[in-house]
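Heads up, there are several structures right after this.
One chain, subunit A, appears in both complexes that follow, with subunit B as partner in the first and subunit C in the second.
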Partner chain A sequence: MARRLKFNIFRYNPQDPDSSPHTDTFFLEETESMSLFIALNQIREEQDSSLQFDFCCRAGICGACAIMINGKPGLACHTLTDELPEEITLMPLPIFKLIGDLSVDTGTWFRAMYEKVESWVHTDETFDPNTDEGRMDNALAEEIYELERCIECGCCVAACGTANMREDFVGAVAMNRIARFMMDPRDERTDKEYFEIIGTDEGIFGCMGLLGCEDVCPKHLPLQDQLGILRRKMGWSAVKQLFRFKS
Partner chain B sequence: METIFTDVLCIGAGLAGERVAIEAASAGFDAICLSIVPARRSHSSAAQGGMQAALGHCAMGDGDCPDVHFVDTVKGSDWGADQEVVRLFVDRAPEAVREMAFWGIPWNRVVPGKSTYFKGGKEFEKVEASEKEGFITARDFGGTAKWRTCYTSDGTGHTLLYTMDNKVVQLGVTVHDRVEAIALIHDGEICTGAVARCLKTGDLRVYLAKATVIATGGYGRIYRETTNAVINDGGGAIIALDTGVVPLGNPEAQQFHPTGIVPTNILVTEGCRGDGGTLLDVNEERFMHEYEPEKAELASRDVVSRWMTHHIRQGLGVKSPYGDYLWLDIRHLGEHHIKTKLREVEEICNNFLGIDPITQLIPVRPAQHYTMAGVRTNKDGAAYGLTGLFSAGEAACWDMHGLNRLGGNSLAETVVAGKIVGEKIVEFLQGYEVQYNTGVIRSAVTKQEERIKRLISGENGDENVYDIRNHMQDELMERVGIFRNGTDLQKAVDNLQEIYARAQKVGLRSNGAGANPELGLALKIQGMVKLALCTAYGALQRTESRGCHAREDYEARNDRDWWNRTLATWKEGDDLPTLNYEPATETVELPPGERGYGVCKIITCDGEVIGEDKS
Partner chain C sequence: MAVNTTTYVRSPSRTSAYLDWLQMLTGVALILFMWSHMILVASVNLGAGVMDALAHFLEKTYMAQVGGPIIACIFLLHFVLAARKVPFRVDQQTTIWKLSRQLRHTDTYLWLIQVVTAMIILIMGSIHMWTVLTDLPIQAAKSAARIQGGFWLVFYLILLPMVELHVGIGFYRIAVKWGFSRRHDRKKYKRFETYLTAIFITIGLVTLVRFLLLKT
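Up next is the complex of A and B:
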C-alpha cells in the first residue's frame, strides 16, 4: 500500500510583514518513483501555491535545488522519497541568505567566491584566432574535468563545520576551484600567489578536517584528496616564505 | 522605482547572453546580464555531448573543414536555414572552440595510436596521428559526415558555461541574478530596455539600455514532455511577441530529441549513439539500420525520433505504465568508456532510473528538446521590428537551424553567435545615442503594476494558473508533436484559443507577496499560451513536411510553395498570431536536394515530384 508521507517544511517569507518563521505540515500519497521535485511541485500546485523552492534542470546537473533533507544537505531533484522515512523534514541550506521558505541566495555567495579566488585562467598571453590551440595531454584534461564537475550547489558549504562557525571561510568548493587552476598549465599563477589567496584561516588552514564536504557532495568530487594536497602544498609555501623572511 | 542604466542589457546569462556581454565589455561598454537563476544554473549547463566545429584533428575528422560542416548543417535544417548565416557560423566555429580553450575549457584531446570505437554495435579500429597529439579531439554526432563534436566528457555545456562565467567575472560584468524581464520598454520603433521583477523581493525595477539582447534560451516547457529545465518557459520570446512588432521565426519548429529517459524526460546525450550506442526494441533488436541503412542511429534527430515513434506504433515498444518506450544500449561501450566519456549519463541512470548503464538497458523515447523557433533576427542578430533589440542563441531565430538542428550545433551557436552578435552590437553602439522617454517608461511600468494588482486581487477571475498550464502542455503534446495532421492541428488551435481566453481570467490563490512563485507563472501564462498558439497555428498553415515538422497529410517537402520561413507577430487584442512569410534564404550556396537520410519525397522548386516514401 502507498505510504502517506508527512512533510514538515520550513516557512518564512521575509518580504511579507505577516510572515514569521515556522514549520508547515503537508501530506501526500506517495507515488512510484516520487522524487522531492515531484513532491514539492505537487504540494505547491495542489496545497499551497506560495511555497518557495528552487529547481532548474531537475536532472542533478545545475545545482539549484540543494536543501536540508532530514538534516542533511542534498539535491532535492534526485532524492527519491522511497529512500526516506514517512516523515520528511525540509529546511533551507544554512549559511546562504534566505530568500523565502526553502529558497536561498547562492548566487551572491558564489560570485564573491569567484572574485576572491580569482576563478579564471591567469595568463599574460593573448588569444590568437589564427593559430592552433595549445596542446594538452588528454589525461590531464580529464583530471581537470574531474574537479571542474563541481556544480556549486552549496551542499559542501552547508555541511562544513568551519563555514557554519565563521562567515569568511571559503569552503571546500573554493579550495577545489583553486586545486583545479593549480593543475591547469594555462594558469600562470605561482604557488606563492595561490598561497596569498588560501594560505590563511579563511582558507586551507581553517579546515578542521571533518570532511562533511566530501560526504555530501552530490557529484562525489574527491574533496578530501584535494584538501590534503592543498594543505601540503600551502604548508610548504608557508615554510618557504618563513625561511625567506628570516634569511 | 529603481532605475538602472547600462549600454548593453543581456536578458539571460547562459552561454549566448554572457558571450555577448563579454564582447561588449571587452570593447569598453557597460554590460549587465539579467538571469532568473544564478548564471551558472542556466540551461546551457545541461548540454552534454558537445559543440561542433570543423577542426579536423581526430582521425575520423580528417579532411573536415567549414565547407563540410556547412553542407551537414544545411541538410540537417532540411534547407530551412539561412545559408548566409550558416556560412558565417561554420567559418567562425573553430576559432570559437579555440578561444574557449584559451579561456580554460579542458577539452578532451587527441591520444595518438590505435584505439577502437563502436558503430552499429560493431567494433572498429582507428589510428590517431602522432602529430595531432594533444589537439582538441571530437566525437561522432547525428547527421554529420565527420567526427566534429568537441567535448569534455558529457559535461560540455557545464564546462563551457563555467568558463564563460569565469570570464564574465574577470571582466567585471555585472550579473543580476534572480531577476526576470517581464516587458520590453519600446515606443514601437526603438527598444530602450526592460521592466523586470526581482525574484528575491518581488519588486519591479527598470533597466534602461541602448542595446537590449534577448538570450533566454528555448521554451520547451510549453510541452508536457520535455528535456528542458523548468526555467525554459519562454520569458524572452513572450516579451518580444508582446511588443506586437517583433516576429518569431518558424514557431512551428520544435525539435524532439530521441533519447529522453522514461518517465522523467531527462536527456541522455546523443553522444551515447555518437560513441556507438544502439537503439533496441521490445525484442532487444536493433531497428534503425533497417529504416536508415546509411546513417542508422545517427541520422538527424527529427528522423530518428520519427522512426522511433513509428516503430512504437508498430507495437514494438516496451510497455509501461508511462506509455511505450524503446531501449538505448551502451553496455558494449564498456565500463572505462562510460566512466570517462559518459559520466553524466551514468549518474542520471543511477540516480533517476536506479539502473547501471554498464550492465543494463536505458529506457528512452523522444521528448521535446529544442526550440528552433525564436526571435527573428537578421544576420547581425538585430531583431526584426525594433531598433536596439537583439537576440542570440536558442532564443533567436538567426537562422542556422531551419526546421531541424543538428546535435552539437546549439552549444556551438551560443558561443559563435554570442561572439558575432556581440561584435555587431559593439559596431551598432559606436556613436549611437538614444533618448529615454519618461512617458514610454512610465506607461510600461504602470501596465505591469496593473497586471500584478489585478492578478493578486482576482479582478480578472479565479482561473487556476497551474491548471491552465497543464491543459496547454497536454494540447501541444497530443496534437502538435512529432507527427502532425490538419485535423488535430485545427483542434489544437481551437482548444488553445479557449485556453487563452481562460488564461486571461487567472487569479492567485496565494497573496502574491515577495518572490511569490504563483505570481511569477501567472505573469507569464498568457504569453506561454500565445507561444503555444503560434506553434500550433504555424504548424497548421505549413502544409508540407520539412525537418521536424512532419505532416501526415502533406508528406512531401514542398520547395515550390514552402521554401520559406514563417514570421509570427501578435497584435494586441487578437487571439491568433498574424503569419507572414519570407524566403528561407536569400543566398543559395547549396540548392535544395536530398538529405541522404529520412523520407525523401520532394516537390522541387519547379514542381517536379521526386523520391518515394520509404515507410
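Up next is the complex of A and C:
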C-alpha cells in the first residue's frame, strides 16, 4: 500500500512584512519513483500555489533545487521519497540569502566567491582566432573535467561547519575551483599567486576538515582529496617562501 | 562568504599557513608524547620495578626535568593555536551545535568531541602535570598511593578517556586535513582511530587497576 507522506515545509516570504517564519504541513500519497521535485510540484499544483522552490533541469545538472532534506543538504530532483521516512522536513539551505520558502539566492554568493578566487584562466597569451586550439593531454583533460563537474548547488557550503560559523570562509567549492585552475596548464598563475588567494584562514587554512562537503556532494566530487592536496601545496609554498632569501 | 565592499587591499601574509603547520606539528608531537607516556605508565603492569627503572632513567638523563616543562609549553601552544578554530562566541556555538544535530554527521560530531575534550584536558592536564612535575621523582609507589586516595582515581577516570579520545580523533583529523588519508582509505583510517582509542583506554584502565592494587 502506498505510504501517506507528511511534509513539514519551511515557509517565509521576506518580501512580505506580514509574513513570519513558520512550518506548514502537507500530506501526499506516495507514488512510484516519486522524487522530492515531483512531490513539491504536486503540493504546489494541488494544495498551495504560493509555495516557492527552485528547480530547472530535473536531472541533477543545474544545481538549482538544493534544499535541506531532513537536516541534510541534497538535490530535490535526485532524492526519491522511498529513501526517506514517512515524515519529511524541508528547509532552505542556510548561509545563502533567502528568497522565499525553500528558494535561496546562490547566485550572488557564487559570483562573489568566483571574483574572490579569480575563477578564470590567467594568461598573457593573446587570443588568435585563426590558430588551432591548444592541445591538452587527454588524461589531464579528464582530471580537470572531474573537478569541472561541480553544479554549484551549494550543498557543500550548507554542510560545512566552518562556513556556517564564519561567513568569510570560501568553502570547498572555491578550493575545488582553485584546484581545477592549478591543474590547467593554460593558467599561468604561480603557486605563490594561488597562495595569496587561498593561503589564508578564509581559504584552505580555515578548513577544519569536518568533511561535510565530501559527504553531501550530490556529484561526488573528490573534495576530501582536493582539500588535502591543496593544504599540502599551500603549506609547502609558505615554507619555501620562508627559506627563499631573495624575493 | 561575506561580500567584500572595502576598497583597501590586504597585504598578503603567510601567517595562517605557519600557524596551521604549528598546530599540526605540536599535535603530532603531543600524540607521540602521549604514546611514550602510555609506555612509561603501563610499564607498571610488568612490575613496579620496571616503571621505577624507566622513571629513574628519565630523571637521570634530565628528560623528565627538562622534557616535562617543554611538553607543558607545547601543550599550551597547541591549545592557543587550535583555539583559533574553536567557537567561543555564543552565536557560533549555537550554529555548530544546531548544524551537527541536523546533519547527524560523524566527522562533525568528532570535531565537537575534540573541542569539548580539549577544554577539559586543558584544565585537568595542567593539574596533572603540575602535580607530577612538582613531586619528582616519579615512583610507582607514589603514584599508587595517589590513586588509592580515591580523589585521583576519579580524576584519572575522567582524564584518561578525554585524552585518548582527543589523541585518537586528532590523529585521524591530521590524516584527513593534510591529505594522508584519501577518499578510498578514509574508512580504514577511521577504523584504525577507533581501535587505537579503545586499546589505549583499555590499557589505561588496566593500569589504573594495577595502581589501585599495588601495595605501597
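As a working rule, the second predicted complex is superposed on the first by the 243 of 247 C-alpha atoms of A that agree within 3 Å, B and C clash if a C-alpha of one lies under 4 Å from a C-alpha of the other, contacts with A are read in each partner's own complex, and residues count from 1 in each chain.
In this text, a contact is a pair of C-beta atoms (placed from the backbone, for glycine too) under 8 Å apart; a residue touches a chain by one contact, two chains touch by 3 or more.
None of these values were measured; they are calculated from a predicted model.
> Touching A:I229, do we find subunit B (first), subunit C (second), both, or neither?
second
> Would you sort A:D168 into first (subunit B), second (subunit C), both or neither based on which partner it touches?
second
> Output check: A:P92 vs subunit B and subunit C. Expected answer is one of first, second, both, neither. What do you get?
neither
> Report for A:L51: first if it touches subunit B alone, second if subunit C alone, otherwise both or neither.
First partner only.
> What is the contact status of A:D105 with respect to subunit B (first) and subunit C (second): first, second, both, or neither?
A:D105: touches subunit B, not subunit C.
> Touching A:E142, do we find subunit B (first), subunit C (second), both, or neither?
In the superposition, A:E142 touches subunit B alone.
> Now for A:C207: first (subunit B), second (subunit C), both, or neither, which partner does it touch?
second
> Go through subunit A and flag every residue that touches subunit B in one model and subunit C in the other.
Comparing the two interfaces on subunit A, one with subunit B and one with subunit C, the shared residues are 108.
> In their shared complex, at which residues does subunit B touch subunit A?
37-43, 45-46, 95, 97-99, 101-104, 106-111, 133-137, 152-153, 155, 158-159, 162, 165-167, 169-170, 175, 177-178, 199-202, 229-231, 263-264, 266-267, 321, 340, 343-344, 347-348, 351-352, 466, 508-511, 513-518
> Taking the touch rule as given, give the residues of subunit C at its contact with subunit A in the complex, in rising order.
The touching residues are 1-4, 12-14, 16-21, 84-85, 87, 92, 95-96, 99-105, 107-108, 111, 173, 176-183, 186.
> What part of subunit A is in contact with subunit B in the complex they form?
13-16, 19, 32-33, 35, 44-45, 48-52, 54-64, 78, 99-100, 103, 105-108, 110-111, 114-115, 118-121, 125, 127, 129, 132-138, 140-142, 144-145, 148-149, 151-152, 184, 186-187, 219
> Taking the complex as given, what residues does subunit A use to touch subunit C?
On the subunit A side, the touching residues are 68, 71-72, 94, 108-109, 112-113, 116, 159, 161-171, 174, 195-196, 199-203, 205-212, 214-215, 222, 224-225, 227-229, 231-232, 234-235, 237-239, 241-242.
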